[in-house]
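Two complexes are shown next, each including chain A; its partner changes from chain B in the first to chain C in the second.
What follows is the complex of A and B.
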């Protein structure tokens, strides 16, 4: 059951800026198991999407170091042809912006059929039981599959939507189509990059329930990238918090929500309006997220955002420390951290 | 006296069709909205996309033509749309837009962006103008040398604060904030929300706060109106809406808010299931045959909901 699906070791993704390389993802280690939702939380610029793109091999200019093992194969050293055999089949991704992820000139149905067509080899084995005597290459069969997928993701009139174009659909509907494409070949590993940002709460809930069902039915491993701690609390089994390219805290969801340690995690949590109507001040993290070029590469990266904590509290070379079984925190500053008004 | 009173506001958009491009239908974006905002309060307008909350806000400030209804500002008709008539309330109502990336002209310097309202209404010498802009920027926490920069040199949170500086330049009484933080990160969002509360006290501002995020609405607002397909389904104080929701649509909306306690997951899922079942079962009782809400019925002095009368449902 607890089979490891994806293991990332010492992954660094660097981008060239003015002739120099800057690491947007810096020495990241993590694992994703089967039937598990791992949430990656962080603000914009923390490197969470860059990490997802590295796993999928979608960076064109970046230099990637380290190992990304998917079922024992190293994705980082694979050729594009080998990657293409995995992507869209066993490993797939839900993109953040459904409008730019869909082709505006193709009907919804055609786009989903294309996924089935290009990755036919696998759908043959996975869906052979449903073939009902037809050849898998037949157009009719693919159409049936597509309609089936559309109704699986909760689109009310699949036959009608099949012939629509992306611009005719609402944001929530488009996101469902993107999800239908991502799960078309029943992936074992699914990366969802902010799947519900910019959607209404009720639609967000439907999409999240869809992803959760996917996990339960297909026992897939899911990486859920989000900046919304509410979504994390609803969905995740484990959480990794990223700041400035590094994982600063990783733990089970229960341990994180009840016993967050790292100053960044604690600050993030206290900056969400929690619903008490007393108009208390929300917590604001001092300063700004440093840009890629100005990132302090030495010492604790969160140091400049909590200047009231003395220097000695930080480690010179911050390491991950285990505070509870399975709960790791970077740097020793968490031991001395307090909010400014405490 | 209420600062703003909206009476039976209707905004219909024509749909053109046929060979002569005649009006064949009308979309009822806002269909009979009533609301009252007291000075110094924050009124939250909630609804899903397409519910008409932004159209309501834009109609109040005069960016959308009004089909029928009245907008009273300090008891007087605001008079948008009268031909050749520049309303004298133009100064008193300002807007903060949703997207700080598209609401600032990329070709203008911050000085020109923030001083534009001043140039329209006040006759200032360039030196006075510069000083005023620097004061305004100091008020939103930006340093005075930023006035010669361009919008692309700022982060999202900073841009949103520039938008706020522009909105408060003429010392308005009412600010319409249309999803002011939905494109910002959590910690930046906290910064902008805190800041909006600070200047509200300082300048005695009144907000009409439009958002789909119920957590933020609860944090910011005194009164809440919930819209569905152009009509109100419920309105009341923040406490009444969150603790004693009466309309099935409100209940469903509240149930969808993500909860921060992961240990309650299973329990919450069951509660949601129940509310969804109730919603599906009783939809026809709460909405008429077109799927629209009924007229509001008062439940207390402040609380009213679109619940059909007995025998009617």
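What follows is the complex of A and C.
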């Protein structure tokens, strides 16, 4: 069951700005196993989405270095045609904003059918045991599959929704449609890029439940990108914390929740309002994630946001240190870290 | 869709009524009428006054308007003072010429705009794009009447490849194949001259729309589905980018009216535009009013067609 689905080695994704390359993802290493949810956490601008887009090959201008092995094949060097055979088929993605992720001029049904149509040969082999007597490539068959998918993601009237247009659906319903598209060909690897950010809290829970249920059914590996630590605690098996393009801490969810090490992780965790201590002030991390052009490329990148920690605590070239089996932390500053009011 | 069309159609009626009142008032506000100026100065002023009274030119404007509009609805726009024939007959001879010229111009406009816009938008910031954008700037800068004169001089006069006046070679019998060919032959040069200039705004529009749509989120969704680049263009980008072009159609018709007025005059093409300019100069009030009304109705119809096309391609503006 612990089969490695995705192995990312030394991945750097750089964007050209005014003739110079700046790395938004900087030397990232991680793995995703089958039937596991890996959460990637970080503030806006920490490179989470840039990482996801690199895996899917969705960047148009970026320069990608390093390896992205999916079942042994390097996605980073694949031709667009090879990539298109995997995308939407074995590897798929759920986008952040369901309001803009659907084509406004196409019926819901057509949009889901498109992904089935594009990967028809695969569904033929995968479903060869089922649907005897059916012509596999028929429109009717695709429509049945689509209606089935719509009801799988909890859309109440699939027949009716099939003929609707995106603007006729609520945000939650549209996200269900986006999810239906992502799972249409039963992917082995699913990347969910902040799937609940644009939705209100009650719908968030339903969508997360749905993703978890689908994981159990399909035994897929899931990368869940979020900035919501509550979601992480609910859903994840393992967590990678990203800051300024680097992974600063990676561990199992239990180890992280009980024993977070990196100053950034600890700051994030103490920034969650708990609700039972009304008088105490909410923790705020000083400053913001530096923009791509102004990232410190040397030393600990979090240094500028914890200025009260002495320089000597940081490593000159911060490395990952294993603090517990499977729990890695970048830089030595975690040993000396304390909050300002402690 | 039928509901939208019907509703849109009903809105048109008050628009046209308002237009007809405005046109009439404006024509009345112009100084002078058909009886002033050209008449022999030795004619007794009381005779002229009697003639005015007889023609109803001294009635209050609403009476004159009512007389005019009730007849106009029955297809009677009165007599042309100068040509001494019913306005309806006068326009009727020329309206088909103008409609054909406009139609051919429209076809040329889109034949040029769509491929150029697509190339320019899809491969933006390449040499091809720069070349096309350069052409559009030239088109924006060049006045239509100067460009038409240039075309007339080069292709009509110098190379003698096209006829320089009229809408058909004299002496041909209407209805014969030769007659139709001659008609088309006479239309080509003025239509091409106009299309080459008016198409540039559509090219620019389509280009920026494609560049815009390329960056929309649902294009990422399509890529993540595994759709090939060509499929992304045909199924997702183009349809969305053509929406504003459809919306632009009504405006295109208005531009065409302005264009035909100049081009017909320059190419001595017997259409409504040429008649319009002549009638203004001769103060032929009944012809001008009828033509302005027709032009107004044409632009209202243009925007109606725009809206109908939009409601077919864009589900968001259909009324449920």
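Keep this in mind: the second predicted complex is superposed on the first by the 340 of 342 C-alpha atoms of A that agree within 3 Å, B and C clash if a C-alpha of one lies under 4 Å from a C-alpha of the other, contacts with A are read in each partner's own complex, and residues count from 1 in each chain.
As a working rule, a contact is a pair of C-beta atoms (placed from the backbone, for glycine too) under 8 Å apart; a residue touches a chain by one contact, two chains touch by 3 or more.
It should be emphasised that the depicted structure is a prediction, and the values quoted were computed from it without experimental measurement.
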Partners on chain A (chain B, chain C) - clash or fit: fit
Residue contacts on chain A - larger count, chain B or chain C: B
Angle at chain A between chain B and chain C, C-alpha centres, nearest 10 degrees: 70
Contacts of A:257 with chain B and chain C, given as first, second, both or neither: first
Which of chain B and chain C A:114 touches, first, second, both or neither: second
Partner chain(s) touched by A:86 [first = chain B, second = chain C, both, neither]: second
First, second, both or neither for A:100, with chain B first and chain C second: second
Chain B versus chain C as contact partner of A:165, first or second or both or neither: second
Touching partner for A:228 - first (chain B), second (chain C), both, neither: first
Minimum distance between Cα atoms of chain B and chain C in the superposition (Å): 7
Overlap of chain C and chain B interfaces on chain A (superposed complexes): none
Chain B partner contacts - residues on chain A that touch it in the complex: 43-44, 170-171, 198, 200-205, 227-231, 233-234, 236, 253-254, 257-258, 267-269, 271-275, 277, 279, 281-285, 288
Parts of chain A lying in touch with chain C, wherever the complex brings them together: 56, 58, 80-81, 83-89, 92-93, 95, 97, 100-105, 107, 114-115, 118-119, 165, 167, 178, 181-182
Touching residues (chain side chain C, partner chain A) in the complex: 216-218, 220-229, 231, 235-236, 239-240, 243, 313-316
In the complex, chain B residues that touch chain A: 48-50, 155-156, 182, 185-191, 193-194, 197, 212-216, 218-220, 238-239, 242, 252-253, 256-263, 265, 272
